[in-house]
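Next come the structures, one after another.
Shared between the two complexes below is chain A, which pairs with chain B and chain C, respectively.
Then we have the complex of A and B:
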């Protein structure tokens, strides 16, 4: 019966039902491909448009002389690092070598302050009474005043004793530097304390003198180092002020034409004559220039070069003297470590200052700026500063370093665990264990990252800090940690996030190793464990590598955990700390987009800079995906 | 040497040691995971179900689930007892006791009331996202697998889709922000625009057809999430379509079925379990994501539910709640975790939200894992 093969159906505009269905599916496929293509298009467009805009921005930076001011700024920044190290070392040494003395001085300060606040009225009375005794002339008057003073004095003594009785050692001596004996001594000495004269008791004065004398050398060195920067700091402030003024003028100049027109338009439609005249006047006030006279404005910088040179040379000399004057013996290894860091950093700083000075001497405001400079100062720029009153910098390096460091730590932690688990589950565990472990590890992958970030803030951060303060762990680099939210914390959480990805793919890879391989090994007398470690795992290595790569992709693209836990400090971590660098806070590429995207205006340079960061992330993840696929295809086993 | 000699003791103990190390690594992962679940449940469960708290109380804290987030007011009353009340309750309290002593008043944003708004917002976002992603994703997968000629071009598209599945979610957020929020996408017919026309305005019927951008809205957020999850859904659906044996299609076609009849009766029913699993997996991914909705849809505080008192957004042919911003669970957690200092009073909101959210996402994740294992066992050709 031929009718069985006859296809029936209405046709609309020459399109049959089958075709319509086909077009429906095809259309949807088209939409998804278009949208996915649009992602690449949009990212690329905004990111590429960033570079010309960045170049113009940098041109203005150069023409206004802000670039010159930036030499002084960076020099000061580098110097400030050494200076704060010196301060840190000084106070730590003082606390350790003269802990009790400082404890006495500080506790006296806190204690007397508290008592003063509590007994303010009484003290005033006491003071008045004394004045009266002094002012009294007649004999009778004097005895009367004296009697009153004695009464108040007695009242004060009782009050003081009561206050001393109440004083809590823990709150007063919050660093716990005083022992019970010293505390009692201080209390005893305090009985004699006179609130009106407010002289420290002899005990405290002696302690202060002792610590001041002991720290004298260190203090001189420290103040010399601190004074080294004063001249440059002044110059820096001056340069910033002058060049920013030029920039503000130049920016205002750009909108001059449109402002003039707006006033003029306004004056045409203004209702009253007064308004009209006022607007016309405002419009006339604005002069529209063809080009902003940078050459003329930049003349204010004349003479700065000389000043800059003297300031830097003075800084070099003072710094050298200060570092040479540092004492050599310290009471704890931490201070020794800090001071040796100063000694290491000072020559580096001196060399840097010299180079910077030479570079600034060659600086010309009208030197043309190529697009290569715009690109390289994005990819290799060391600063990411936005919403600054001076100049906004868009340098990827601190963000990239942060992302990379966190990802590397996450992978270093995640690889052994997930690979070990994959081997164990696939080859060594019993079936009951398998059915239990696999779903649980898969569940990890579903934990929302914001929840993990929350856990990192509330639990892991606290726990890590407590662990880092355990005295016998102080040899671990970076311990005790200064910050609760840091690279290590974020890395550990991301390690957990990477586990399911790496585990699942490793397990697949191990599962795909042909059974004949392990059978052969077992037949040759290899034990089960030997077979797994020497035959199965090496055979699956390509799959494992791909798994690690994809795990890396997962980690570097993670946003919420790093935004919440990494500490969000935009600076290249201080690698001079060695492995301790991981206890520092950092910022990441994903974090910066999440943090700043909400508050930028469309099409501004900042908006596009964030897209450029996004494009970098996009490219990294594509490269990782493609290479993982390549590895599997080229070296992989398909069972 | 005897080839059947059993392994030496040294070998055996080395093997045993190795196995123990591997087992230890495995169980440390499990331990960490279970600890996280335990810790969150320990802190969050008493907020949701006060029976389990030390003080005891009702079985279910319905207020927490049915109130909107509010500002939390902390104060000390006349007896020196510390109290904390959501701002609306606080206003009532001061109204009821006009001469009540209120000292040390302190306010914490977002930390009082409940999580109704974020719950509803997340549900709507997931709904919009999944409707769009499933329709487009399944259809695209059917086309790629059943209709398209399997050549280089389709192979390339498939590869591109697979690679896009690995792109960080924040990049999708960036795209969604530029495309759905800022790019004028939505055609709107308006009259009486005067001379103040946007760049693209097509005059018709005495008015103009202009294009508006969506801004920070439920629709933009849902579409962004849909784009993010689309590659995952296409790939998973294609996989389950591929798993249907070729013989099914050939038999059906040989019996005279049309292409669509073949797909409808011989392919899709057998691919449904896989597609279902993929969609639940998609829900899990989407519900847990924060980054893509941070600047496309979510706001920290909103006094009303999406369907209450429509706002005037100007895009008249769309239901208002689609073009309005929403609260969402993950963003709510981000706000209370990152911006609000943790005190005894604010901890309840933080722990409770995290617990409910985790419970929600884990429920979906467990369902998807269960479905996959279940169908894998059941469907074998």
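Then we have the complex of A and C:
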């Protein structure tokens, strides 16, 4: 037994003080790892369970014929895009080519409507009085009725003049298409306006005729295009109705056994005889089937294929005729642009319609569904539609595209700022500037993202929209912007959030470039700028790349700003606009989880779909972090 | 420049104890005239009233114990000390080819093209061998490939490195041995054809064999360049230099021909240092 070097202090269960401290710290590390593992496990389980559920969902989609109805729906959607372009082009052209005429017609409509509303009682009186005069004529008592009519007519004239006096040009002609002269002409013509007959004054009628005549060709073309879809639209409605009915029935059938049992159980404990009988009856009404007779139900679609074919072929013909009939000369480049987009899209649409028709002809309700299809329709699905009365779609593509576009814009904006600032602070700035700039940039990271989002909605969104409406900036793609909340706005704010991350890491990377490299460059007669661009940055490039990657990880995982500012429209942005795509609203992977997770029922397919999105996000972040580490390890130099 | 050239009649600086054997003024490439230098806005001078002339086309060694200011003086000659914001020449003038290099209209970038520098620790850029040598020319805007090729080959040959690297010009300079890297740095420096090459203890990080090769190289280069070398190694100074200046705590103690300094120094401190009694 040791007497000199004996361990001091008490031991509890063989654990001494030093051991306890060691276990405490080790335990802390262990807890973090365990928690991370638990989170990953949970996320993985919930996300992976989505896929079998999605598969079943798609099977029902196919068996009930909803998948067939979906052909018609997508065809209509594609067609509607062309149709609305045609309408848009038509109205824009009309307003530009016949601005004054349309101004007169619309102002007359607004003005007469206002006056009609204001003098409704008086107009009724006037009408009655006139009827009476007519009746009186028959009975030979004309004078009395006529006197009354004259009195009312006089009253009306005074009223009308007073109303016209009150009329405000800016409110009536809200687009400002009329000059003061035209406005006065309209007011003058309106004095003669008769509310009972409600004929427009000659001035207005002439204007309308002139604009109608001028726009006749365009109008015919537009109506032809618009009419092209009527047959398919009707078929679409019918298909949705019948197939959704099958689905509802099938869904109800699935729960038949449990409902039957519930009614039966209820009848056993019913308090009154009446109630017992009623519940019993309800229970008997429900028939439980081994299998839902899809084959029998799907027969309602038998005639549809022929109808579908006819409708689509008719649409193709009408569409071609309508597009061919479009005029070629327009009064503004915007309309020319719109029409050329129609001309570009129409053939694409025609080809698509043909393909879709062929595909739908091959469609079989009982064709087995491969798991590849159900997985790929998640990752590459173009629609994310939930709580729909027709069918819910869980396609990642619109969300992924939104996240990616926003992140790329954020990086494109953030990289030059962060790298420039890092170079300046580390290599060019004096010590005073250094101690000021560095903390200030790092402080940007301290702004809560919800505050940034708020700023994006109120300040940046408004400012961007106002700037985009400056006429001489209209050459910028996507200007003027339709939406205040869009990809660009969100991207700019995320850039601000990425700047501190990228700046700090870039600054570190540049700082790690040995002074001897810059000294050598300077001693060879290099300027400070040459030294930075040709020696410092190339040497630090691996660190800079890693910084950019980590900045990317930062922005793609950001939630609050995109939820508030990106506009939350679940659709793949229209890339046919070129760079203007960034002025469209979008939704993101992070945003959709934050928005929808609160209101889904646990274990439903929607709930699991959100987890799958979360898993994709997690995987992306993980890959980014791993690559950043790799880059630093592999290409980082030791000097 | 014209100043010193025309002034051939001027006699040598009056003999003083620390410079008993001055060079003729017309031979001077660098004139250091009563220079004091400070790293802290002039509060304390690390160099005090240094005066001596460095001859053209010769090797001049600066020796002295650590902290004596020899490296500082070297870095004054191409104004590398400008990188330290608080540094300042507080007194006197340094004239290179007759021009005061601290005059307000002197561009340090132009100065450094004429006054190259080789550092204590070899520091090639993390680029290819070719790019290292071509760097100085490229930043001067020379893009002509044959011209660059020619300059790279000539410089590498002058630095006695061509034979060893001619087959791998495109590979990274960091893959060379230490001695090769230092010779590469010398090649890089002479590629821009400076008039003066400053060497700051160029062999201190090298083994004896590599050192010997660098010393041979210095001997070859002396015909073309004016070389100023700072060294800790007294044998090296005797081997490579024509003249030697001995510094001690910021002052020039003695400046004379190398033979004279090492055989029969005029000042007692010099003798004590070279015989190893202190330092």
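Convention: the second predicted complex is superposed on the first by the 625 of 639 C-alpha atoms of A that agree within 3 Å, B and C clash if a C-alpha of one lies under 4 Å from a C-alpha of the other, contacts with A are read in each partner's own complex, and residues count from 1 in each chain.
The definition used in the following text is that a contact is a pair of C-beta atoms (placed from the backbone, for glycine too) under 8 Å apart; a residue touches a chain by one contact, two chains touch by 3 or more.
Just so it is clear, the structure is predicted and the values come from calculations on it, not from any experiment.
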| item | value |
| --- | --- |
| Chain B versus chain C as contact partner of A:517, first or second or both or neither | second |
| Which superposed partner A:527 touches (first chain B, second chain C, both, neither) | both |
| Most chain A residues touched (candidates chain B, chain C) | B |
| Which of chain B and chain C A:264 touches, first, second, both or neither | neither |
| First, second, both or neither for A:110, with chain B first and chain C second | neither |
| Partner chain(s) touched by A:187 [first = chain B, second = chain C, both, neither] | neither |
| Partner chain in contact with A:446 - chain B first, chain C second, else both or neither | first |
| Contacts of A:597 with chain B and chain C, given as first, second, both or neither | first |
| Shared contact residues on chain A - chain B and chain C | 525, 527, 530 |
| Of all residues in chain A, those that touch chain C in their complex | 430-431, 514, 516-517, 519-527, 530, 534-535, 538-539, 637, 639 |
| Partner chain A, residues of chain B touching it in the complex | 3, 7, 11-12, 14-15, 18-19, 21-23, 25-26, 28-30, 32-34, 36, 39-40, 135-137, 139-140, 142-144, 146-148, 157, 159-164, 166-175, 177-179, 182, 227, 230-231, 234, 256, 258-260, 284-285, 287-291, 294-295, 330, 333-334, 337-338, 342, 350, 354, 357-358, 361-362, 364-366, 369, 373 |
| Residues of chain A defined as touching chain B within the complex | 4-5, 7, 17-18, 21-22, 24-29, 31-33, 35-36, 38-39, 42-43, 46, 416-418, 420-421, 423-425, 428-429, 437, 439-455, 457-459, 496, 499, 503, 525, 527-530, 533, 550, 553-554, 556-560, 563-564, 590, 593-594, 597-598, 602, 610-611, 614, 617-618, 621-622, 624-626, 629 |
| Interface residues, chain C side, partner chain A - complex | 78, 80, 83, 85, 109-110, 112-113, 116-117, 119, 121, 123-127, 135-136, 138-140, 174, 185, 188-189, 192 |
